[in-house]
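Structures given as structure tokens follow.
One chain, subunit A, links the two complexes that follow: it is found with subunit B in the first and with subunit C in the second.
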Partner chain A sequence: MSAAEEVVAEGNEAVEAVPKRAMTLGTGTSLVVLLLLIAVPLFAKNFVIFQLTQLLYLGLAVLALNILTGGSGQFSLGQSAFYGIGAYVTAVMMEQFNIPYFLCLPVAAVVCFGAGFLFGQPALRLSGVYLALATFALATAMPQLLKLNFLEHWTGGVQGLVVTKPDAPFGLPMGQDMWLYYFTLVVVLAIYIFSVNLLRSRSGRAFMAIRDNEIAASAMGVNVALYKTLAFGVSAGITGVAGGLSAIAVQFVAPDSFTITLAIQLFLGMVVGGVGWLPGSIVGAAFIIFVPNIAEGISKGLSGAVFGVLLFLVIYLVPHGARQVAILGQQLVGKLRKN
Partner chain B sequence: MPAVTGKLAAASLALALIAVATSTASAQKKYDTGATDTEIKVGNIMPYSGPASAYGIIGRTEAAYFKKINEEGGINGRKINYISYDDAYSPPKTVEQARKLVESDEVLFIFNSLGTPPNSAIHKYMNSKKVPQLFVATGATKWNDPQNFPWTMGWQPNYQSETQIYAKWLLKNKPDAKIAVLYQNDDYGKDYVKGLKDGLGAKAASMIVAEESYETSEPTIDNHIVKLKSTGADVFMNITTPKFAAQAIKKVAEIGWKPLHFLNNVSASVGSVMKPAGFENGQDVISADYLKDVSDPEWANDAGMKDFLAFMGKYFPEGDKLDKGTIVGYAVAQTLVQVLKQCGDDLTHENIMKQAASLKDFRTEALLPGVKINTSPTDFAPISQLQLEKFKGEKWELFGDVISADVGG
Partner chain C sequence: MELFTNQVLAGIATGAIYACMALAVVMIYQAIDHLNFAQGEMAMFSTFISWQLMQWGVPYWGAFIIALALSFVGGIAIERILFKPLAKAPVLTNVAGFIALYAIINSSAGLIWDFTIKQYPTPFGSSPFLGSQLISTHQAGMIGVTVLLLIGLYFFFQYTRIGLAMRAAASVPESARLVGINTSWMIALGWGMATAIGAIAGMLIAPVVFLEPNMMGGVLIYGFAAAVLGGLTSPFGAVVGGFLVGIFENLAGTYIPGVGNELKLPIALALIISVLVVKPAGLFGRHIVKRV
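Let's look at the complex of A and B:
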């Protein structure tokens, strides 16, 4: 984490450092968050640890969408499809071929990168709402593709596939849930650092140039087609890892787990967390996990309506999501210091 | 160390006191987390939102029924604390809610969680935690597997037993039948087909002349019907969900095919299938049922039906009496109350499963006359009897005897 922050800090000399810095947290804040993420499970019940694990891998999926939309400016409502592919690749490899879980995740990443890259090709001709529609089609098709007869031998068809939860290795004295949490934390941190670096690299600048003005970007020599599909591939690959982690944590994959609802939730998470602000992904994930539960607690029959009202309040009060809250907080702290 | 011995002493003293207070050995109180002297915590997971939200009414009926039980003094002096969560029919959410119920709310067991994919998602979890997953609300046959999953039990007749019953009837009354099967291409459809083949036994290969499957994504199944007619079959086994069932009934009449038409119980609804298909097209279609139909005038003066209507009027007036979900929720809640009564003061996970597996000829009056609930340590399928019914005029008419078939998963 600190390594990433240093690298980002170095980026200060570049003129366009503002958007890049705005995409991450300050070093101090990141350390506090990291410490919290490490410490909390030690004092929490297994169920809470499971929820935190959910928070991490959904946060990862939101982060992937953030790279695509916040980074390269392309919309996707089809993230659930890549998430599903990642989950299925992991589950099938673990259960049908007895491959250890930590080897399955890179494969899921590669498969999804490929799928995303390929899907990025037709997406090149589309932009804005049309691209959103095309990806929407992908998300709608995915549950049915997973039910296909000739795949049933591996995927278990509609019945889904039960996944065995891994035990902590080396005889570490921790439960399955806790081990999985720390494993997920390491994977998510690694990908977070990778993403931060990616966005401050040459490729990241190309993404953002395309986002800001496609014609200007190509005039500057950016290969628009390549970078657009690349953004799709990277985003899909990370989403695939998130899906794989979800399969291990939930211990079950079924076509009904990867419907369009999931894609919309991820999209929601990104908006609530703040488009283009990577740390917001975790906040967005927290929103899509916990707020429906709160809404249900307020009214069972009207949980959907309550959720809608809460969402409306967030969008109305802080249209830029968690990012705006963070900036407000920063300004407040700055003022206090001056006084 | 002294503190520990102190606690131990206190605990043994408490135990001794309990032993004194309850004079007979049989009345000894035993609890797992979720049960106390005053309360039994029951967990439930329902799709209150999402694509299957129509089934949410089952959970609401159950809540109303437990409210009635509590107002009448509870079960053996204990009130039921019914905690029901929404999973929107999404398996990962089901896992989250099940874990919340078991690990955070600490319920004694999970009761009547709905849907095959959601229950599959928590099947292994519940069994590894050894917390009962009791009377799941799905007809898949795999819930009847006490050998491998001793903590899970179904309730409604499973899909395989229904087609087994049709097969039995056919072997007896129409042994030379040429059967054409149309089924939905998923676990539900395949379960039904398996039951049919098992029921026909060695004759399955010769009697079934055609099998067609359809996907729920197909806009119409007309082409399948035409194809099945062309095989010259004289029995049509219609294993479809309501929308497609209505299409099939209509199309069969339209192309002048006159087979003996069997319609699975899933779609044996007057309102959502027979009426849209046209009553004139649905005459003499055969189906099977195990519950009393609220709209059937035959039960107008039936005591069991009157009880149900009185309950609905007092505790769940906003619920739709004609929705099959309400009478299902009512009947399954009654079955649970019976199990908890049998448990007495021994409210442990083991005893709950033991009592659930020793229901003998139990009846709730929502069931058709003659249908009885029987379970045993090797039979985790509570209801395995159905009665055939034929569509006449604008309603179903029961005929023949109650037929049973027990199938394991």
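Let's look at the complex of A and C:
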């Protein structure tokens, strides 16, 4: 061993291992949740429907981070960057090239997958700390990249772009908001099913092997670098779709919507929802939508502090987030039934 | 040529600040193996404290010293209350803790002092230094204070018992504990010192970037870039990295067409990525080999 090398014992694990079955909901519960998601908008006002749409696409972004962290044990503080790229790709294609919105989303996914895969290449050969650092820098730099002068022709520079909301097709008797909700729901469901299957597949097992013990995984023949980058790319691609959906729903993209604050919110959503528990993503998304509304109602600028304090409470008291609460609830119900 | 010298000197001046931030980051990284993403926000908060003291009529250097002392105590308090319980938690939990701290400090600074941009005084003035057009007295002051700080730190770590104990606790905690060093308090002390060093950086850069809750965003990224360039495991490397990054930033801004203030952050990002690709351990860092 040369003097410049240092041998350290295997330190703390990156993420606590979550068994594969614990990652999803049972069939019965899933159906109930699905029915609720389909039925609720029929009885809600337009603004509530908009908020539900927001819940779905932010949930999708949290899910993407969850695949990366809960699945393969890596962190990203730069999800806002891929979210922003997805939103911009969608907005530019819709507004400057008049391409229908449903064709823009796959393109956004592919572009973000590529961006994530390429960005992951250098950073992923290194330990989690470096990845967190590189993605943190990416999230900080993203607004300036989106403001670049030579892209201004397409992106509208600091001003941003206004996006037209699509109408319901085939003369369906529903408003724009409701159509967009159901469209988002279909996309999110498709990606959710894809993610569940991905984690159950050979690739998913490789992700989890890397998460639990990288050295053992590589000894068993898992191509660690490839699967790490793949996880990063898939996560970035899904985040891009979420960003694209957000651009359509909010009808506006601007560089300063995609700052480090957004990345922090997504990260927070994942921790609150429970790392590695995919349905928790929706809980996390609800948290990051509704908590600021309440906090900003009390005082402007308070939401950051409330987020921070709650995040500390979560990591101290319920480190597994919503999953832990759900399990506690189940146990409580079980006890009550016995009595 | 004069433009070149001018830019190099200006680069050394901002580089001094990056060196301080990088040093603060590396000190905490050495102690607990985690990156403090809230380092910039902590420095910003310290700067606001000194500003508030000056608003209350305390003279500059008085406010400077009080803010340093408060930062030192505050850093220790943050470690004892928030991060000591997380010492054995997974990495993710620690990252979440730092992110939470970032959000809390940023948002409470905005709540207390609001988000408007404020002037921050400099004790050095901004006239040309020693009659030369190359560098202003404030820039010279930034370099001077940083050099004094670095010399002080060098003597502290090299020639005092407690400095030696801190180095021991950071490099081989188990053995340090066996010879009777209270490693847990050494970590807290490291936090205190890192916070105070960050505070110095904040108070020196505030006249340049102006005082506001998001003032340290760019500075922290450059501090990270400096730490990565020098090697996260080497305090000396962090300082060298800081100066190099400062000079690089200024020269790139002057000589590469199209690179101005609008590209400040992407340049830092590119720098971090290139170092990670070419030389992941940094210029002076050790290669970490893991035992299975």
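Just so it is clear, the second predicted complex is superposed on the first by the 293 of 339 C-alpha atoms of A that agree within 3 Å, B and C clash if a C-alpha of one lies under 4 Å from a C-alpha of the other, contacts with A are read in each partner's own complex, and residues count from 1 in each chain.
The working rule: a residue touches a chain if its C-beta (ideal position, glycine included) is under 8 Å from a C-beta of that chain, and two chains touch if they have at least 3 such contacts.
A quick note: this is a predicted structure, and the numbers were derived from the prediction, not measured.
**Student:** Applying the document's definition of touch, where does A:G304 land relative to subunit B and subunit C: first, second, both, or neither?
**Tutor:** A:G304 contacts both subunit B and subunit C.
**Student:** Please work out whether A:A108 is in contact with subunit B alone, subunit C alone, both, or neither, and reply first, second, both or neither.
**Tutor:** neither
**Student:** Touch test for A:N46: subunit B only (first), subunit C only (second), both, or neither?
**Tutor:** The answer is first: A:N46 touches subunit B but not subunit C.
**Student:** Between subunit B (first) and subunit C (second), which, if any, makes contact with A:I215: first, second, both or neither?
**Tutor:** second
**Student:** Just subunit B (first), just subunit C (second), both, or neither: which does A:K147 touch?
**Tutor:** A:K147: touches subunit B and subunit C.
**Student:** By the touch definition at the top of the document, which applies to A:E296: first (subunit B), second (subunit C), both, or neither?
**Tutor:** In the superposed model, A:E296 contacts subunit B only, not subunit C.
**Student:** Counting residues of subunit A in contact, which comes out ahead: subunit B or subunit C?
**Tutor:** Of the two chains, more subunit A residues are contacted by C.
**Student:** Using the touch definition from the top, say if A:V162 reaches subunit B (first), subunit C (second), both or neither.
**Tutor:** Only subunit B is touched by A:V162; subunit C is not.
**Student:** If you stack the two complexes on chain A, which partner ends up touching A:V250: first (subunit B), second (subunit C), both, or neither?
**Tutor:** first
**Student:** If you lay the two complexes on top of each other, which residues of subunit A touch subunit B in one and subunit C in the other?
**Tutor:** The answer is residues 144, 147, 149, 301, 303-304 of subunit A.
**Student:** Mind pulling up the subunit A residues that touch subunit B in the complex?
**Tutor:** Of all residues in subunit A, those touching subunit B are 45-48, 50-51, 54, 144, 147, 149, 157-160, 162, 246, 250-252, 254, 256-257, 259, 261-262, 289, 292, 296, 300-301, 303-304.
**Student:** With touch defined as at the start, can you tell me which subunit B residues reach subunit A in the complex?
**Tutor:** 48-50, 84-86, 88-92, 95-96, 99-100, 102-104, 116-117, 120-125, 185-187, 215, 217
**Student:** In the complex of these two chains, what residues of subunit C are touching subunit A?
**Tutor:** Touch list, subunit C to subunit A: 29, 33-35, 37, 82, 85-86, 88-93, 95-97, 99-108, 110-111, 114-115, 217-218, 221, 224-225, 228, 232-233, 258, 262-266, 268-269, 272-273, 276-277, 280, 286-292.
**Student:** In the complex of these two chains, what residues of subunit A are touching subunit C?
**Tutor:** Going through subunit A, the ones touching subunit C are 1, 4-16, 69, 75, 77, 119, 122-123, 125-130, 132-134, 136-138, 140-141, 144-145, 147-149, 215, 260, 264, 267-268, 271, 275, 299, 301-309, 311-312, 315-316, 319.
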